Structure formats: C-alpha cells, structure tokens
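Each structure below is given as structure tokens.
Shared chain: chain A. Partners: chain B in the first complex, chain C in the second.
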Partner chain A sequence: MKSDSLIRIALGAYLLIFFSYLLGPLLVMSLTAFNSASFPSVSPWACFTYEWFDVLLRDKHIRDGIYYSVIIGIGTVTLSVSMGLAASIVLTQVWPRLRSTYYTLIIAPILIPGVVLGISTLVFWDRVGAFLGVSDETALYGLFHNGLFLTILGQSTFIASYAMLVFVARLQRFDTGLTEAALDLGATHTQAFRKILLPFMRPAIASAAVLAFLASFENYNTTTFTIIDYKTLTTVLAQKVRLGINPSISSLAFIVIVLTVFAALVFEATHHNRKRKDAIAQGKVTPVKKGILPPFMHGNAAAFGLVALACVVIVMIGTAGKHDPQVCKADVREARMLETERRIKVLNETRALREQSEPAESTPNKPALAPSGAFGGVFAPTNLTEDDAEPETETPKGGSGAFDNVFAPTNLDTED
Partner chain B sequence: MKSKFFLSEFFKNNGAVMGSLLIGLVGFWLIFLIILPQLSMLDYSFRFNLPPAEQGGPKDVYTLSNYEHLIYGSDITHQTYNSVDLMVFVRTIIAAMLVTIFNIFLCYPLAYFLGQSKGSGFVRLLVVLLIIPYWINEILRAFALRIIFGDSGLLNETLMFLHLTEAPIDFIRKDIALYAGLGYAYILLMLFPMYNVIESLDRNQIEAARDMGASWMRIHRRIVIPHAKPGIVSGATMVFMLSAGALAAPQILGGPSSLWFTQLVYQWFNDSLNWQQGAAYAIVLLVSTIVIVLTVMRFFKVNMGDIGK
Partner chain C sequence: MSSGVAVDLEDIWIRFGDFVAVKEANVAIKGGDFFSFLGPSGCGKTTILRAVSGFLDPSQGQIRIGGKDMSGIGPNKRPTALIFQNLALFPLMKVWENISFSMEVTGASAKQRRKRADELLDMIALDGQGDKLPSELSGGQKQRVAIARALCANPDVLLLDEPLSALDLKLRQHMRTELREIQQRVGITFIYITHDQGEALTMSDNVAVMKAGVIDQIDTGHNIYDHPATPFVASFVGENNVFRGRVKEIKGNEALISTNRSGDLLSSISPSQVGKLAVGDDAMMFIRPEALQLGPAKKSSKTTISANVINEEFEGNSFSVFLEGDGGKSVKMSVPNGGQDKISDRGEVLSLHYNANNAVAMPAGELASE
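Let's turn to the complex of A and B:
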C-alpha cells in the first residue's frame, strides 16, 4: 500500500514537471504580452497594457507575412492533398514486391531535414531553368525563381507525405467491392471515383487539409531557403526575434495560443456532444430535460471551457479600448526614480558610516550601523549585481556584510 | 516487362483518365519533387562556384573541393584540419543524439500512463493539453524559451531572488537554452508514436505477468518495451532527424559563438552565396543522419514501414 501511494506521488510530480516544461514557457510568453516593459519580461512587472496588440496590428511586415503565408498555405494544401491522395491510392494497387520500395520513397521526405529539402528545391529549379535555356527576363525564369512557387513545391514535398499517411489509414477500411459494384452497374472510372471513393475519403481529406495548412503555415526550415524575395509569417517572426525582441511578438503568440485552445475546445465539445447524442439515440442515456444550462453543456467540460474562454476574450476586447495604462506608467517611472534616489542615498550613507567607523577599529557589529546592507540588498534583487562593483561591503571590517546573510530569507530555506 | 504488366493492370483498374491522373500526380511528386532535386543537389555539390559566364565552360568540371573544405578548410596542402566546421558537425550530431535520448526518457512514462489508462476525463484533458503546444509555431516556442532563459529572464530573476546565484547566468552562451529548446521543440513527435503503440498493448498481458509475480522493472523490460519498440524507434528517428536539421532553435537560442551545422549551411547559401559549398554541407548532413538512423534501425530490427505509424 505504501509503495502504491509513493508511485502516485512520483507520477503526480512527474506529470507536473512534464506539463510545466511543455506549457510553462507558453504561459510566461502570454503574460509578457500584457506587460508594458519594452523588453518581454514578467518579473519586474510594470503595467498591465494592451498596447502591444496595437503595435502588432500596425506592423506591416507581419500583415504581409500572414497574407503570403495564407497564399502559400492554400497552394500547398491543394498540391499536397492531391498528391498524397494519389500516392495512397497507388500504394493499395502497386505490385506487392515494389510496395516497400515505393513506400520508403514516399515516406522519405518526412525524414529529410527541411533545410535539405529547401536547398534541393532551390537548386533543382535553378537547374531546370538553365537546362531549358530560359534567359533572365522571360516569364519562365521568373517562375523558377519565384519565392511563392518554390515554397509551395518545397513544402508540398514533405507535407504530401503527412497527407498520404492520413489517407492510408482511412483507405485501409475502404471496401473495394463498392467501386467494383459501381463499375459493374455501368459507371465510368471517373464517376466511380467521384461518387464512391471521394465521399468515403471526405473526412480524411478534411483532416489532411487542416494538417497540411498548419504544417505549411508554421514551416520555417524549408521556407527560409525557397522564399527568396517574399516573406511568410514565420520568416518575418524569425527575423524579428533574431534582430531584436519586443513584446508585440508575445501578443501574436497569445492570439495564436487562444485560437489553438479555442479550436481544441470546439473539437472536444462537438466530439463529446456527438457521443452523447449517439448514446441518447441508442437509449443508453436519457436526455436531461430540466436545468438552467443549455443542453449542449451537460457534463461537457470542454463546452464549459469554451464558454468561459469566449467570455474572457469578450471582456478583454471590451476593456481594451477603455483601459489606459498611462497613469500606471507614470507611477512606475516615478517609482523607479524614487528607487534610484533611495539607492544613491543608501550608498552615500554607508560610505559616510564607514568613514566614521574606520578610525575606531573595534566597533562592535550592530545592525543599527548597517541599515542598508542587511535589508536593502535583500529586497532589491538588482542590487546584487552591484555588489560586485562594490567590494567594500564585503570586507570583514564592515558591519553590514556579517548581517547580510543572517537576515537573508534564503537562509531559512537552506536550513530546512 | 513486369512493370509494364503492372501499368496495364493499373490502367485497367482505374480507367484511362483516373489512371493517368493518379500516375501523373505521383510521378510529379516522386520525380520532380523528391528524386531529381536531391540528385541535382548532389551534382551541384561536386561543382566549383563559378560566375555565370564560366558555367558550362572548360572550368566547369567535377571536383571534391567542396567536401575537402569541410575536412581541411581552405588549406590546400591538407596539413591542418578544418577544426571549426568539424567540431560544429560532431557537436550537432552528438547533441541531437542526447536530445533524442533525453526525450525518450522523458516521454516514456507519460506515454505509458496515457496509453494504459483508458478513457477517463483527466486523460482526455491531458491529451488536449499536449496537442495545444504542438500547433504553436516553432519560432514562437523558441521565443518563449528565450524569454525564460534570457539575461533578465524569468529563470535568472527567480534564481537571484532565491539567492542561488549572485549574477545572472548566461544560459544562452552556455547553450543550455539551446538544448532545452531542442528538447522542447520536438518532444511531442516522440510522445505520440510511443503513445500509439503502447495504447495497442493488451493490458491482460501486463496483468498476467504481474499475477505470475514479475517485478515492475521486468514487466517493462520484457513486455511493454518490446511491444513499444517500433513507436520508440519511430519517435527517436523523427526527433533525431529534426533536431540535427533544426535551424530556428539554434538561430534564436544558440549562443553567438557556437553554431549548429545547419547554420553553416545557411551561411554558405545566404551570406557567402556559395551554393555549391552549401549543397556539399547539406549532403554531408543528409547522408550522415540517414546512415545513423539506418544503423540504429538495423540494430533494433525495426523496418522503414514502421515509421510514421
């Protein structure tokens, strides 16, 4: 029994560590979107503000990036879903001894590093242009060196493999007898495909399309080589993050996170609802008639979460216009100035005290003598950095150094 | 002869229109997107970086100089080694392996827990929580870690508040941020394949073993891990290839003095505009990672067909 509870505690701790590793950074990043400090941080919290969302919305590069990302996403979805579907159908019919080679070939792009895919696409189409002898001004040359064209091809190379995997899973459950029956009844092959196989594959096509779009939207490694003159959201972001950080990126991240959570909750809630309706239809569960809640929310935690999230977002948007951080910002600036002044004063006092006590060498260590060292350093974490620059406070003679550690709150922690 | 037979069979099964459409799409993908680009990159890596006027001229011959540059640097006499680039290469491969191993150990318990406890609301919640970071942009995830590991980041502030350290620790220069970021970036690609195979394990097997008195360790070693092997290898392959080929995380989280091999490739392409040299480095990366993956797969007796399940 004892070891059982021990395992439970270990499991709980492990889950906590795992999920804080996974979600903690995202949470911290979301918080920095609301801090008015111009560097994304949470710990010296200045003021609650929405201004970074404003900065984000006014950023032309990001808007352009989103626009091209969507165009590339649509192109990639079209190309990779059709190639993936074709490849999965061919896989079911390919000559058995060829199958494993074929499968290895079409699965390989998943394993090839994105950097390599980008480079090979770039080099290959450059070569095709040279091979066809197209000169600099022709439309064909423009096409082979067009960032959008190359990015769609480069991304589709491996995204089609993802799509193919989705289709293969669905195709395994397809009854080929249906197609054969349609053909026997006089349908053409195209009709049989359109009326039988395509409707069967529709859910898989939808999920493959979503998957492909998201994969395309967030791709960086391949895109950064093939994009050339254009920019996508990810390349803009990468450039911004590398050159200089500002919390408007955090606000973008916050929007993305909220949208993702929203989508996940919608999926969960509808999934749950469908299951509940099925159960009611089969007579396993009796529908609840009474209650203050609308029926779709019964026992549906995801729906609760969805409604709560929607309320929070509405409140945030509603208050965004009215909330004015100017007063708070002025306060923060004033507080910072006061803090600086106080520190300078404290420094001067310590110096004066030391000069006084220097002649009388056997001065007993009294806390009263060191008003600054004992507490001043503890509560202002940034002071610590200045300690290096001020070795005097650490000298054995000084009354402050000795008490510094005694009253430091961490001492209690370490003694535990 | 036989492939011709296959093709005629294929067209009989699918009709002329559908058959050629299918073959056309698959052919375009295989030939123009997968095979020929890789071959042309290979060809490119054996050529000199010539100005456009001299391309196709007498100087445009095959050469090994791009590969020699990785080993010997610009030293033509081959006396000294290109220790900078070689070190970067070795460090990239070893670090990618360590990240993979770290992910295996971190994910296995969770995959086992999720795979074996079926259907409860709590597990469902955990899965949803797992999926959310999966869809957040790679750049944004690296950015999130940068906020935490920065000089005045949350971690340093916390450490200093607790008096564990006096001055901020430079996590970025020490590459701690990079390794944490790489481990973070692809952890879910390790978790989901593992979870899928462990979920398909019949619980009765574990219970039978337990009834027979097998210890906890033994159950995992003899039943769960052998069953989960394809998933573990599949996840490890993905994480290793993606970490070794990562570009965003090293660019954002890497220290200024230490590089990742993909960054060298990037520099050859975008800063030096020497595509041939960049292609050679990319080929080295591709071939060495694939050789490592195939060796590991052979060692653990896992097929290519298990990847991606």
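Let's turn to the complex of A and C:
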C-alpha cells in the first residue's frame, strides 16, 4: 500500500520532469515574445508588450523566408506524396524476394545525413546540366541552378521516404480483393486505382502531406546547400542567430506553437466527434439530450481546449492594438535611473569614506569621473560579457557615456 | 435476361511454383446450369474460380466461356461476375453505389445508376436501404448486396465463392432457396463453390467433387449421393459406412466382397467403376445408414451384417444405432422414428439387412478425413 503511493509519487515527479523538459523551453520562449527587453529573456521582466510581433511582421527577410518556405513546402508535398505513393504501391506488390532489398533502397535517404543530400543534389544537377551540355544562358541551365528547384528536389529525396512509410502502413491494411472486385465488375486498372485505392488512401495522403510539409518547412541541413540565392525561414533564422537575435523570433515561435496546438486540437476534436457519431450510429452510445453545451463539445476535452484557445487568441488580438507599453517602459526606465542614482550615491559615500582614510592617492581624477565611474562599476569587466548583449534601447542615454568608462582608472579601485 | 452460356474447362492444370493446386480438370458446364464445386478446404476450389474469372492464368489448358477461348482476356473483359468469399463490398461506398459500380465504370449517369440500384434493392428485399454503408448492414444483407452488385453487371456467368459460409444456419438455409430462386429467375449460369455438401446437393443441377486439386466425380447430386465413384466421394458426401475387403467374385455389375468381420457381402459396383474391379482386388463397399434395416438373424445371407450394439442416439426424426464395425470404426444404422421407445440394448447382437442395389463397391482408396 505504502510502496504503491510511493511509486505513484515517483511517477508523478517523473512525468512532471519529463513534460517540463519537453515543453519548458517552448513555454519560456513564448514568454520572451511578450517581454519588452530587447534580448529574449524572461527575467528581469521589463514590460508586457506586443511590439515584437510588429517587428516580426515588418521584417522583410522573415516574410520572404516564410513565403519561399511555403512555396518549397507545397512543391515538396506534391513531389514526395506522389513519389511516396508510387513507391509504396510497388513495395506492397513486388515480388516478395526483392521486397526487403527494395525497402532498404527506398529507406536509405532517411539514413543519409541531410548535408550529404544537399551537396549531392547540388552536384548532381550541375553534372546533369554539364552532361546535357546546356550553356549558361538557357532556361534549363537556370533551372538546374535555381534554388527553389534544387531545394524541392533535394528535400523530396528523403521526405518521399517518410511519405512512403506512411502509405505502406495504410496499404498493408488494404484488401486487394477490393481491387479485384472492381476489375471483375468491369473497371479498368486506372478506374480501380482512382475509385477504390485512392479513396482508401485519402487519410494517409492527408497525413503524409502534413508530415511532408512540416519536414520541408523545418529543414535546414539540406536546404542550406541547395537554396543558393533564395532564402527560406530556416536559413533566415540561422543568419539572424549569427548576427544576434531579438524577441521577434520568439514571437514567430509563439505563432508557430499556437498554430500547431490549434491544428492538433482541431484534429483531436473532429476525430473524437467522428468516433462518437460512429458509436451513436452503431447504437453503442446514446446521443445526449439538449444541454447548455453544443453537442459537439460533449465529453470532448479537445473541443473545450479549442474554444479556450480561440478565445485567448481573440482577446490577445483585440487588446494588441490598445495595449501601449510606453508608459510602462518609461516607468522601467525611470526605475532604472533611480536605481542607478541610488547606487551612485552609495558608491560616492563609500568612496568618500575611503578618501578620508587615504586622501592623497585618487584626488586628481575624482571630480570629473566620479558619477560615471560609479556607474561603470555596475558594468565592471566581469559583467561585461553577459551585459553587452543587452542593446541600448533600455539603458538611459546618460548611461552610455558611463559605459565608455568601464576601464577608467577609478574602476580599478573598486576591484580590490 | 440473358440465357446462360456454357463454360468449359479443358485439361486445366494450375501450379504455384512446384505445388499443383489443380490437376487435369475437365469440366463441361451447360448454359443456365447451377453447377457446384464441392470439396474440403484447400482443395483448389477458389483457384478454379479465379481462373474462370480471369484473375490467374491456368498453367496449362483452355477455359472457354460461351465457346470462346478466354486466354489473354482480363477479368474486366470477361462476361463473368464473381462473388468473393469475403464479399469484398467497397467499404467507403454506399450500398447503392456498391450495387451500381459496374455501371459507374461505363459512365452511366447517377440517375440511371440509382434507378437500377433501386430495382435490384427491391429484388433482394432491401428497398430503402440504399443509402447505408456496407458496415451498417447485417451479414445476410451484405450477402444480398454482393449478389445484387454482381447481377447489376449483367454477367453471363455468375461465380459464387462460398457466399453463405459466414452466415448462421437458419439464414444459410433461407439464402439457399433464395439463391436458387434468383438463378431460376435470371436464368444465367451459376458456378457455385462450397465445402458444405448439403448446400451442393440442394441447390445444384450438377456437382463436381474435388479432392486435393483433383476432380473425382462430376454428376447430378442424386448420382453423387447414390453412386459415388470413389471412396473419397462416398465418404465425403453424406454419411456412409465403409467395409473393406477383397473381391471374391464378380457377376455383371455386382461383386461379392469378402470382409474381415462380416463375411462375404454382396454389393453393386459403382457404375463408373464397372470393369475396373477384378477378382482379388482390394475393394471398399459403402452402405448408407438409412439403407440398413433390422431383420431376423440369417447367418448365411450375403446381404446381412451381424454386430454388437455399442450405443444408440435419439435424433428426433430418427434413431442412430452404432454397432461394432471394422478396424475400430462403428457401423451406423438410421431407423426412422416410428414412436418406439428405443431400438436396441447395449451389447445386443443385431442383424442388419440391406439391398445389394443400395450398396456400392469400388476399388479401395483414400477416404475423406472426418
């Protein structure tokens, strides 16, 4: 009995740790999107703001990146879903002895590092161009060196394998007798495919398409080689990280997270609903009488979540226009200034005390540098590495001058 | 309605690798016949049907439908419609779409299709259920939809692969009569597969009995029952008592067989085996339980069997009496229920008489396993 509850507590703790490990970073990242501090951070919390969404929407690079990511995503979905479908049909119908060889062959691109796929795509199509003898001016040459074309092909090499795995799983449950029945009733092979197999595969095609799109959207390794002079969201973000980021990236992450959760909830809610309808049709469950809730929300946690999420998003969008963080920001600025002044005062006092004990040494520099030097103490060399990332906007104008004096001789005093 | 066309199988062999699934099948099915293939599971019935409908090519031999050679003609071009062992209704289509699928592929309008489907739904007594999905139907209803779907294609030959095997006894008996009626109404050739001999005998004009890829006998149900050609047919179709022995004497179409236990017994020779049985051969003799009758002890008679009673079972319309027989097997006698309390006592010695015309003798061979 006792060990039982102990196990339960341990399990609970484990789950807590597990989920915070999984979701913690996402949560923190989402929060940083609403902090006015100009480096993504949660503490110290400055002001609640929506301005990073604004910054995000104004960023042309990101907008272009998203645009091309979507285009490449659509291209990749089309290509890999059709290739994957064809491959899976062949796989389930080939001669059994060849099946495992064929399977290994088709699955190989998943095992090959994306970087290798990217480089080989680039090299391959360049060689193809050279082999065909196309010169620089022709359209074909342009195509073989076009970032979008190459990226779609490069990504599809392995995303098609993912799609195939999805299709094979579904095809294994297909009763080939149905195709035979269709043929027997006079259908041609094309008709049997279109009217029997394709409708059966529809759910798998939908999930493979979503999977392919997501895989394409988030791909970096392959894309970075094949994209050449275009850009996708991932390559833009990678560039930004290199140059220093601001919370507009967090706001992008937040949007992506919300969309994902939204899609998951929609799927779950409709799935739940469909299952329920089936159960009602089979007479296993009695439909609920009219209540306060609309019927589709009955016993459907996902639908609740969906409605709640929609409400939150609507409220956020509604308040975004009205919410003005300027007052708060000014307050924060003022608070900092006051804090700085307080510290200066404290420092001055300690210095005055020290001067009394050793008057001769530091007298010459003192009058001019005292206040800034004190401020510099806050940004003492040891602090420098983490604080220089914090851009100027937050710091009061006056402070920057003080900053320059970090290495002022007076600082050396405070060191010991 | 098309009047059925003939189907001929000429020297058909079907092999899967080294395995011979069908061996030297020669079958002539008349137009408009209700023809059954009867045999135990795995004997190659489905394989034959798939060859007729065009899903597999025989390794050797020729299939003719209406006199026309079918080799190289695909299943969608043959005038046959197959009702699959598992029905194979299209799960994502409504019942009426299922039924009219053969019209959809020829480009008929939805209105025409719906009209024809409704007619057929009427015929199978499922009117008004056209908008359901197959999963919403009962087993018997699915069965009838599968039949309607096949009939909608206006086939010359309807092939049915154990269509009733999934149904319970009552429904199966009902569907038997229904199928027979449908066949007589549409008048097309039915080729019916079953491992249930009752089904084959009640419905068919002619039956082919198969054993492990070989067709043992093709005849009317009556003849198959009364004059089985091989020990397998004799023991597979209906109940039968087997007596093993050696041929002692042959007189015309009658043989005297000396058995270990019951002495010399007289029997007619199966019509197809006349001339194939010679004196000294190992033979088998079969007598149906209902052909045995109680009688006074007459030791000398060549149509009398004496044996101890093992036990007796009451079966409603008859009594089954089991007596000691050859090689550990019991001899069963069936006595109609005439109101008596019982027929015999355990251990009692009974004398059973039979008419030599009702006994069939043939060369010894393999029996159907129980």
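Here is the rule we use: the second predicted complex is superposed on the first by the 348 of 416 C-alpha atoms of A that agree within 3 Å, B and C clash if a C-alpha of one lies under 4 Å from a C-alpha of the other, contacts with A are read in each partner's own complex, and residues count from 1 in each chain.
The working rule: contacts are C-beta pairs under 8 Å (C-beta built on N, C-alpha and C of every residue); 3 or more make two chains touch, one makes a residue touch a chain.
Here the structure is a predicted model, which is why all the values come from computation and not from measurement.
Enquirer: Assess the superposed three-chain arrangement around chain A: do chain B and chain C clash, or do they fit?
Expert: fit
Enquirer: Contacts for A:177 in the overlay, against chain B (first) and chain C (second): which applies, first, second, both or neither?
Expert: So A:177 only meets chain C here.
Enquirer: So, A:211: does it touch chain B (first), chain C (second), both, or neither?
Expert: neither
Enquirer: Counting only touches as set out at the top, which of chain B and chain C does A:188 meet: first, second, both, neither?
Expert: In the superposition, A:188 touches chain B and chain C alike.
Enquirer: On chain A, which partner's contacts cover more residues, chain B's or chain C's?
Expert: Result: the larger residue contact count on chain A belongs to B.
Enquirer: Let me test your reading of the model: by the given contact rule, A:56 touches which partner, first (chain B), second (chain C), both or neither?
Expert: neither
Enquirer: Could you tell me if A:81 is touching chain B, chain C, both of them or neither one (first, second, both, neither)?
Expert: A:81 sits against neither chain B nor chain C.
Enquirer: Examine A:196 and indicate which partner it touches, taking first as chain B and second as chain C; both and neither are also allowed.
Expert: Once the two structures are laid over each other on A, A:196 reaches chain C alone.
Enquirer: Quick check for you: in the superposed arrangement, does A:112 touch first (chain B), second (chain C), both or neither?
Expert: Touch status of A:112: first partner only.
Enquirer: Looking at the overlay, does A:19 come into contact with chain B only (first), chain C only (second), both, or neither?
Expert: Once the two structures are laid over each other on A, A:19 reaches chain B alone.
Enquirer: Can you work out, in whole Å, how close the C-alpha atoms of chain B and chain C get once everything is superposed?
Expert: The answer is 9 Å, the least C-alpha separation in the overlay.
Enquirer: Taking the stated contact definition, name every residue in chain A that is touched by chain B in one complex and by chain C in the other, in rising order.
Expert: 188
Enquirer: Residues of chain B touching chain A in their complex?
Expert: 2-3, 6, 10, 13-19, 21-23, 25-26, 28-30, 32-38, 40-41, 44, 55, 106, 109-110, 113, 121, 124-126, 128-133, 135-148, 150, 152-154, 157-158, 160-164, 166-168, 184, 187, 237-238, 241-242, 244-248, 251-252, 262, 265-266, 269, 275, 278-279, 282, 285-286, 289-290, 293, 303-305, 307-308
Enquirer: Hey, which residues of chain A end up touching chain B in the complex?
Expert: Contact set of chain A toward chain B: 11, 14-15, 18-19, 21-26, 28-29, 32, 39-44, 82-83, 86-87, 89-90, 93-95, 98, 100, 103-117, 119-124, 127, 130, 153, 156-157, 160-161, 165, 188-190, 193, 214, 217-218, 220-221, 224-225, 233-234, 237-238, 241-242, 245, 249-250, 252-253, 256-257, 260-261, 263-265, 268, 301-302, 381, 384-385, 387-388, 408, 410, 413.
Enquirer: Going by the contact rule at the top, pick out the chain A residues touching chain C in the complex.
Expert: Listed in rising order, the residues of chain A that touch chain C are 175, 177-178, 180-188, 191, 195-196, 199-200, 281.
Enquirer: Show me the residue ranges of chain C that touch chain A in the complex, using the header's touch definition.
Expert: The contact residues of chain C facing chain A are 53, 55, 74-76, 80-82, 84, 86, 88-92, 101-102, 104-106, 136, 149-150, 153.
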